[in-house]
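Just passing along the structure, written as structure tokens.
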Amino acid sequence: MPKPKIAFFSFTSCEGCQLIVLTLEEKLLDLLEHVDIVHFREAMSERSEDYDIAFVEGSITRQSEIPQLEEIRKRAKILVAMGACATTGGVNYLKNYLDMEQVKKIVYKERADKFDTIPTRTLEEVVKVDYRIEGCPIDRDEFVEVTKSLLLGRKPRIPTYPVCVECKLAENVCVFDLGLFCLGPVTRAGCKAICPTYGSGCEGCRGLIDDPNTSAHLNVLKEHGMTVDEAIGRCKLFLGKRTK
Amino acid sequence: MKPQILLKEDLPLLYESLKKKNKVFSVMEKGKGKCVFAETDTFSDPLDAYTPTLLPPKKYLLPQQETLFCFRMGASPSVEENVDVEPQVIFGVRPCDIHAISLLDKTFSLENAENRYLDRRKQTIIVGIDCLHHCDTYSFCETVGTLDVKEGFDILLTDMQSVIPSEAKESHIVEKFFITVGTKKGEEILKEFGKTRDASDAEVEQFNKIHEARKRAFEYRFKTEVANLPLVLAGANEDVTWKELEEICLGCGSCNIVCPTCYCFDVFDNVDLSLNGGERCRQWDACTLKDFAVVATGENFRKSRANRLRHRFNRKFNYLMTKYGQPNCVGCGRCSKVCLVKIDTVDVVNRLIKNKGIGNRE
Amino acid sequence: MPLYIPTLAEIVQVRRLTALEKWFKIRTKDGVSFSYEPGQFVEVSVFGIGEAPISISSSPPPLNPLLTKEGIKGRSTLPSGNGTFEICVRKVGDVTTALHSLEEGAIVGLRGPFGKGFPLSQMKGCDLLFIAGGLGIVPLRSAINYVLDRRDDFSNITILYGAKTPAEILFADELFGWQQRKDIECEITVDKPDSGWAGKSGVITRLIPPLEIDAKRTYALIVGPPVMYKYVLMELGIKKIPEAQIYISLERRMKCGVGKCGHCQINSVYVCQEGPVFSYRTLKFLSEAI
């Protein structure tokens, strides 16, 4: 059986998720035994338009990106949205709280007219996405799990529970006890609670769990001294799409 | 073996002597007064760590994740059992956690005994440390009958002191441990250690007095006798309390994860990067999480957070309690302590008792 | 005994039944004995993908084949014996999808059989009413063939089967064969008939009211999707079949099969230990059962 061909693509993002893939080092070499990477701008110069699996990072923020993504969808048998920008809009979603003309002026100043911008869209808002790898940036092991699962023909095992589970497993002192705020109770796990483990509260980069009790969580934030506006501001960073 | 006396200053020596042949896990401070069990290089005094550890010592008997067996894939697959048991000591286990381990022992030895757990258990030495005062506001060990511990440990240390009067100078205090020997293994450990002596009759009497006196420091917290709880829970399926909890429960699973008696697990295959083989693993799971009761066709038999929480309370005070004749809760209070929305186990149980109108205790 | 380590077993025969379901005949390797009762389940592993609980669909061979010659004549497949059994698998999850990709000769992992099946021996001499909805025929087929192999031991036998469409009818040959038999009643209905369908249409519950049932001496054995139970139980209630004589098989995600992992638990009951077959009298008191 020929090896599946894999391609990496990037839209509006910092391309940090591609970098995470490169930092897999030996594991990446092991994976390469089973696949051919045919398109990976951050790692190689050759390119091919013939691929089976497309890993796509970044969100869609310009009109011109839409046909590009549609073309990738057409060619790829499996399309994986990779990283918060692609799955939830990520930090890019912040601009959706503003008027687009205003956004252009803030970013490009007097050259604003020369640039095209549209409200941020997740990949799923443009094309069908088969799998999602959440996070800003993505978790290395989760990338490996998804890739392995695709090769084995099974659903990747990705947590549906909140960060609290992994944080308790890591035996962290709850960051609320440290006087910090945390979105862990409503945020999808899979990051091994890396932020609380290193002493800061969860920012929600992996998106909300499927059935978050956001009102109970808001009460927790309030009880620990956060105002509603502050809480909303905090959630806007990554959970924008789902914050009311 | 008769009860023994160990001078407190010799406790580090006991720790060192256990380390010669075993991996030793003891209690370490993790910050903000919170402690964890960890493999320690040097002696850490279990007396310094009074509140229950973040995770219970269960993790050394039922690891968070473990390999059940290894397999090769492909046309002619094979399986091979994975055995990774080595002698270990859990040093400084509180009575509540000792009771919890005894409950796990029941779970894994009665009906379909699980050798994996039992082998590890056999290789585990438990050095218990008695509680003389109430550790924090969340615990309710006296209520569920786990303050006194008679078995489940190899040796149990009780903090004692005696005042030696002296005519020549000021009388001085001797800090010591009264050691209850629970098993043959415990006896062997102490014999090999050789630095303990038989407790005198006076010391036995002093130990009994301490135990009698400490009861006053622990209050009974349920509003009915523990024995009534299966009835309370069985009749409380439609209690309004669950509806109220539905609103506030985050469904975050924390109460399950920190629980010393929870043992439910998930099973999955972890394939190595060769894609030719891998291992079947199990991992702690939690019945309060959304997907716990989902079946292959997608149906979820406990969709609401309230139903999942109700299931958890029933496991503790009804289902497993009926099966084993004692609550499947040891009153450590970890669940109440970690709950961000302050769902307190004692409070929930008392609300059910009150709503049922059978409260008969203050 | 290692609780979680599967033995190896070979897929000796595969047949596609419908677009979604395949039938497999499985034989234990190295002569490992395998005996089971109708209604029990096994845990099947496809290594690297995982393990899933699957109902046994065949029936254990009669102890004395001479006594049941008549029964066997009327069957399209012989009872499975000598370490072999049959399963029927709908492609719904990872393991079942992987099973569908396997061919004859492939090796899978096997644990079990687990659980308690239908208490058929206590039903001897009684009337039996089998009600199967969709995939429910899979475990029920085991009990039906068991009973047909021992036809003389039982009184009237009625089989009701409902599928969504004619194309989704499972074990069609056997069902149509049962319809031909003079010594049993067998009714098949489909929710959505197509142009080629000459049989009954409509939901399965409609087949119950016309039946003449001697409630006291009738046992009902029901397997189907959760939604079916409520209505079928209502109809059986009207027929006054005692709750203790109604048996239902439940679907749960038994991950360990040995009463440890907690996933299949309904109230205080571990389905993998005390089920998957329960009498309605027991189930009635389990609040999250159906």
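Here are some notes:
Which chain is which? They are A, B and C, in the order written, and residues in each are numbered from 1.
Everything that follows uses one rule, which is that a residue touches a chain if its C-beta (ideal position, glycine included) is under 8 Å from a C-beta of that chain, and two chains touch if they have at least 3 such contacts.
Worth saying up front: this structure is predicted, and the values here are computed from it rather than measured.
Taken chain by chain, the contacts link every pair, so each chain touches all the others. Compare each chain's C-alpha centroid with the centroid of every protein C-alpha atom shown, and the nearest one belongs to B.
Each chain gets one centre point, the mean of its Cα atoms, and the points for subunit A and subunit B are 38 Å apart.
Subunit A and subunit C have centres, each the mean of its CA atoms, that are 44 Å apart.
Shown for subunit C are the residues that touch two or more other chains, namely 48-50, 93.
Those residues of subunit A in touch with two or more other chains are numbered 152.
Residues of subunit B in contact with at least two other chains: 268, 271, 275.
On subunit C, the positions that touch subunit B within their shared complex are 1-6, 8, 45, 47-52, 92-93, 96, 106-107, 109, 225-226, 251-253, 255-256, 258-263, 265-268, 273, 287-288. Subunit A meets subunit C in the complex at residues 152-155.
Taken in their complex, subunit C has these residues touching subunit A: 48-50, 93-94, 97-98, 101. The touching residues of subunit B, counted against subunit C in their complex, run 68-69, 71-73, 75-79, 81, 107-108, 111-112, 114-116, 237, 263-269, 271, 275, 277-278, 280, 282, 285, 287, 292-299, 301-302, 307, 311, 314-315, 318-320, 322-323. Interface residues of subunit A, counted against subunit B in their complex, comprise 27, 30-31, 33-34, 144, 148, 151-152, 157, 160-162, 164-165, 168-169, 171-174, 176-178, 184-186, 209-211, 213, 215-217, 219-220.
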